[in-house]
Amino acid sequence: MKKTVLIIIGLIVLGIAPLVVRSPFFVHLMIMVLMWTVLGASWNILGGYAGQVSFGHATFLGAGAYTTMILYLSCGVDPWYGIFIGGIVAVLISLPIGFICFRLRGPYFSLSTLAVAEIVRLVALNWESLTAGPVGLLITTLPQVSFFGKAINWESKVPFYYIIAIITLIALIITYIVSRTRVGAYLLALREDIDSAESIGINTVKARVVALALSAFLAGIAGGFYAMYLRYVDPDAVFSIGLSVEMLFIAVVGGLATVGGPLIGAIVLVTLGESFREHFLSGHLIFYGFFMMLAIRYMPDGVWGRINTLFKKLRLKKDVNHGTA
Amino acid sequence: MALLDVEGLTKCFGGLKAVSNLSFQVNEGEILGLIGPNGAGKTTVFSLITGFVPPNEGKVLLEGKDIVGLKPYSIAHKGVARTFQIVKPFRKLTVLENVSLAAFLRHSARKEAEAEARRVLERVELIDKAASYASDLTLSEQKRLEIARALATNPKVLLLDEPMGGLNPTEIDHASILVRDICKSGVTIVWVEHVLKAIMNSCHRVIVIHHGEKIADMPPEQIVINPVVIEAYLGKKANSYKKGEPIC
Amino acid sequence: MLTIENLEVSYGRAQVLWGVSLNINEGEIIALVGANGAGKTTLLKTISGIVKQRSGKISYDGKPFDKLSSRDIVKMGIVHVPEGRKLFPEMSILENLMMGAYKVPKQEREKRLDQVFTLFPVLKERMKQLAGTLSGGEQQMVALARGLMAGPRLLMLDEPSLGLAPLVVERIFEAVMKIHQEGVTVLLVEQNVHEALELANRGYVLENGKIVLEGAGNELLGNEHVRCAYLGI
Amino acid sequence: METLVQSLVSGILTGSLYAMIGVGLTIIFGVMRIINMAHGDMVMLGMYSSFWALTLWNIDPFVSIVFWVPVAFLIGMLTYRFLLKKIVPAGELNTLLYTAGLSLFVSNLALLVWTGDYRTIKLDYAVMPLRPFGIAVPIPLAIAFGMAILITALLYWFLVKTDTGRAIRATSQEPMAAALMGVNAAQMEMLTFGLGTALACGAGVLLAPSLYLYPTVGEILVAKCFVIVVLGGLGSVQGAIAGGLLLGVVESLGAVYVSVPYKDAIGFVIFLLVLLFRPSGLFGVGKS
Amino acid sequence: MKKLLVLALFCFSVLFLTTPAMSYDTLKIGAPQPMTGSDAPFGAKFKKAYDLAVEEINQAGGINGVKIAVVIEDHQAKNPLAATVTEKLINQYKVLVLTGGRASGQAVEIASVAQRLKTPYVVDHPSADIITSKGFEWIFRNNPTGTIYPQAFNKFISETPGALPKSAAVVYDNTVFGKSIANSAMAFLKSKNVKIVNDEAYPVNTLDFKPIMTKVKANNPDYLLMVAVSTTDAILLTRHAKEMGVSPRAFVGFGGGFGVADFATELRKLSDNVFSSAAWSGNPNDPKTKAFYQKFEKKYGFHPKEHEVEGYAIVYIIADAMKRTKFTGNLEKDRDLLRQSLLKTDMTTVFGKVKFGNWKGPLGDKYTNQNIYSPDHSVLAQWRDGKLLNVYPKANAEVKAVFPDPSTKK
């Protein structure tokens, strides 16, 4: 009951935020938070729920971003379909990657994703006829789209905000569905013990592929959004290992295998980033590293997980008090 | 026709024959004991039947159909469930989640799966612990959780790998009752056990394997006076030493 | 020589040993028998300091040693040859033996090595061979020899016959007898109940983490309870 | 022909230093099952040590290595004791993420302290290379090659011939049995981490005159390290030596005969193939 | 947990509180630069250059009495962050005009945002052609584009008798910068029927160029052309080329790295006779440049190079445009007014002459608001005993070129 109220309040806040916050810069920041949330959520499905730690998630973001860009620039495909197609292309790319990397377990899987991501980056950098190589792709204008008869003003942040807000909602809902249904339960089982999972009838290969595909789809969509919002992609920006590590960081700090974790992680990443940059000017990455170590050492369940356990404890306490009274 | 029919099963690890030309049948509704000294290959037999390890030779027929070569999960779909000797619960999940996961095999809706899981937990008397994390259970409870998880897949055949290992006598008696009860509800059971007392009291038939070969297949009361079995268990001189004297 | 009183051990929440008491006198061979999962290996691990007890007392020559680390325990002459042999597979036989003498002063090692090689001449011939490439019986020999290199007063053997062919088992037990004749006290954990009890001066039967029976080897052999424990009627 | 010999020589020279770094990583993995993402940063610290010793005290890198290696050994032990010891039991993935955090921390701290300026080391005697048989052999790399071989050989001798070395290998092969022989596992782990760090730093000191240094140079090197140790089989010292030399040669030949832009990709492709088809490494004994 | 919440709240409050109020007490120039990360040293260089120029201008009375200020924001060399900080500078700090950027990837992002938010962006250093070839009317660039870099070299080989290479090996870094220069040079060489025997793009941060040079040596090129965005790459390329025994008639370097003092101090005699075809090479005899060098060295204790000159010059270009603008107090209007003034810029700075215009680049790009004098800035210089001396075009030449390279006589 309380939860529904909270969610409704959250949705309302999300909905009216850009109308209340007038500063375009803060709207921009919120857009960044939401974009990182989608990326964190994407990583979380594979890394948090299914326990397959990937160091190469930027591959899917890059695939989505480039697909959307290329389709728009060379085929004139409307970006709003392009973003969706970007997600699908990311899924298609994820399948052979899964075929290769899922033969490996644990840290070996992680290292193999790192290697695949580097190979993909090098291909994107050198396949000039497709990607324009290091020069990158730039779009100057977005197509006319009308919404209820009114042309959308792409120079304003607000339409982008609503688009990413919807994508974020989709990502969170997918995560929620995953966490609540058979699929998610299967992923958790996979993370805990593959033999046991097989013994109770879970097709672990299929489950992992589903996790990867979902994860790639979300990252690909976020990539498409990235391309349209920032209007410029180049291989080092969208295929870098650093980007993959940031996604991982968001999911780990926010809380592995939690629905709301990535949102918290993204808020932490973006706001900490902004304020550290303002106050320390340099060296804020030191704090990232430090924070990551602390998180793994003391909060293996992340901020969200920590909050959850605290609430659980509180509730238990209440129950106990109630029982004795 | 036997429910489960194992024919000429052979498995080599390196040069060592872990299971060698093993054949036996499991009839519907029985509890079949599978015993043998340490390293006799009992767990390997289970892994071969459930598809975790592919055999070098041999067939496993479930209701007449060969299931060799299938993946473990599809064998589970066909109605063969197993437990593990070294318990493998999903540690960071609750007891209820552990069992519901297995119940998802036959119920796609979460609610139904959970209801089924609760029924099973009720049966193995773990319902009080439904909300605890699996890692917080005692060994005896984890063993029961293991059984509950297998049961929740609604199997035709249940392969129990040492469910009594590490339990104390009261717990063993308790667990024996549970096993018999499960059998009565219509699940056929193959039971690997070291605690022979439990086996002797509950099984309809017992198979003894030694060095991967079947050395005996008979009712429990005959097993205990079978010289070959005693030799396998107590050492080869045991018979000559105590020839003619009754045991116990 | 070794006295154990009321030992209780648990892994996390699962208690494995419940008030185990036993004592071993100098020069004895003691057999410790019991079904799988009865707690035999845990008992050995507790004595050798790998596992810490929850309560109870272990003393050696009258001195309690529950605070000692496994390193000091080896130094005192209590040596544990683990189940499954656990050789260092990518080291030669010689290196394995030298590892056995890890806590032995350098000048004494040569002497030890000679002793071990007279006991197991076959190891001397093949001392450069990698332990991982040996057969099961040979590996068990190396494991025994490695244990001897530490210069034990009390040698604890965990299932030395596990997974070996009957002929090889006999040779292993011969070796154990020889080691005993050299003046080493032996604590033998075995599934091969008959051989073990025949060899032993005394035996203990462990069931579900408790000592249920003790007595002279022959006595136990004839005991109905032993058969009950194993065949469970 | 000359091109082939030249690229082989260059490959082997660089490969010897890769091998030294790889050996450090592999022994750490062997004993503790840590995949140390911060290993490359240890190399980076070594490079800076070399640079500062020359710049501030005018000590030649090939001399300063004599004291930097022990210092690195101590730092490694302290790092293990205060940062890693508690996290090692948490499993391979947690340590992987943890050391990734450590790497971020160390490289950015270095950025803060030393700035991102690219620096190079100038050695008066090393302007032109030697030219035996018309093959160019840069002097600093030749000296580094010799020292890398010497240090790796010393380590090998240590691991094979000394009690402690044997104990380290024993712990990596069969930790339980090693403990029963009286080996103090925690001590061995600390020692191994110290040794691994010392090797990485030492390689950094030796590499500094041939390459240039900047705080995030570790990122490139750590990726190479993983390729090397996986090629050789994680945990195998001989494998890491062979893997290092192999990677050096493959990179060198690949750049000459295949493609410069895809030079790094070749290493990764081999890495994936080995992971998939021979997970115990090309030179591993092959534990299944 | 509580601490975390407090921290989060703190972060938010910091964000909101530091929102500066709009005012014309100072005229603000925004400069996204990499202040952390591996590009940080460049950010620091520009900051020093900006500070010096701002100080001088303000001491001289500012812009009609109003002081100017450069607001630097760190983009860490990450594209999304470059967009973020540009938004922040434009919307939060309410800057009138932007400059900076450092690397091309971030500069494209800044240009894209600036164009959308209708704020002038005067590029001081990034050289990717794409920035001024997409018809962005709010974007101006003083420095030459990548494809203009080889201009002096092109003139040299086509105008000097016997200098036209028979074959050339081109080695360049696989970035926008390296690629633009290499493509431009190769296009020109091909038009002269010169055979390109090596076309090698190396990944940035290549630690070992020996394999590449081994490959180059096998083809025995008449000219070796090297492009490097960073000084260390330039040094290492030259060193490894000479170590491996590549012996062309001329070693020609493109990019800032080949023109800085470090190049000679690192390479000593290996640097002798290496050509540097640069976008800009300061003439130390010019009084304006001389004065700048002295002032800079006095303030910071080291000799300024290309980056500092660019940063210093850009502030003067912007200040000049501001002086010619009648500000209304309405930010949006003023930005457009400032843009109009920039279009009319015609002046000389320490970097050289500047006038923005629309024209066609060497590879056919249609430039918008690109400095029309940029091809003239291109200079071919040669290292002699640790000194870089201009050799071409003849008007700027300090000495005569040593050619072919005597050290590599076959």
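When the chains are written out, they are named A, B, C, D and E in that same order, and each has its own residue count from 1.
In this text, a contact is a pair of C-beta atoms (placed from the backbone, for glycine too) under 8 Å apart; a residue touches a chain by one contact, two chains touch by 3 or more.
All values reported here derive from a predicted model rather than from experimental measurement.
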Subunit C and subunit B - chains in contact with each: none
Shared interface partners, meaning chains that touch subunit D and subunit E: A
Minimum number of chain-to-chain contact steps, subunit B to subunit D: 2
Farthest chain relative to subunit B (centres taken as mean CA coordinates): E
Centroid comparison with subunit C (C-alpha atoms), farthest chain: E
Pair of chains joined by more contacts [C-beta pairs], A-B or A-E: A-E
Averaged-CA centre spacing for the pair subunit B and subunit A, given as whole angstrom: 44
Rounded Å distance between subunit A and subunit D, as computed from the means of their C-alpha atoms: 34
Whole-Å separation of chain centres (CA-atom averages), subunit C against subunit E: 76
Interchain centroid distance [CA atoms averaged], subunit C/subunit D, Å: 42
Two or more partner chains touched - positions in subunit A: 122, 125-126, 282-283, 285
Residue list for subunit D, restricted to those that touch at least two other chains: 108, 111, 261, 264
Full enumeration of touching chain pairs: A-B, A-D, A-E, B-C, C-D, D-E
Parts of subunit C lying in touch with subunit B, wherever the complex brings them together: 13-14, 16, 18, 35-37, 159, 162-163, 166, 191-196, 198, 208-209, 221-222, 224, 226-228, 230-233
Touch list for subunit E against partner subunit A, complex: 1, 4, 8, 10-12, 14-15, 18-19, 35-37, 40, 73-74, 76, 78-81, 83-84, 87-88, 90-92, 105, 108-109, 112, 115-117, 128, 130, 134-136, 174-176, 178-180, 201, 203
Footprint of subunit D on subunit A - complex, ascending: 51, 53, 100, 103-104, 106-108, 110-112, 114-116, 118-119, 122-123, 125-126, 241, 245, 248, 252, 282-283, 285-286, 288-293, 295-297, 300
Of subunit D, residues touching subunit E in the complex: 2-3, 6-7, 10-11, 14, 108, 111, 115-118, 120, 122, 127-129, 131, 134, 136, 138, 210-212, 214-217, 220, 251-256, 260-261, 263-264
Subunit A-touching residues of subunit B, taken from the complex the two chains share: 50, 52, 71-74, 76-77, 81-82, 84, 88-93, 97, 100-102, 104-105, 108, 110, 113, 149-150, 152-153
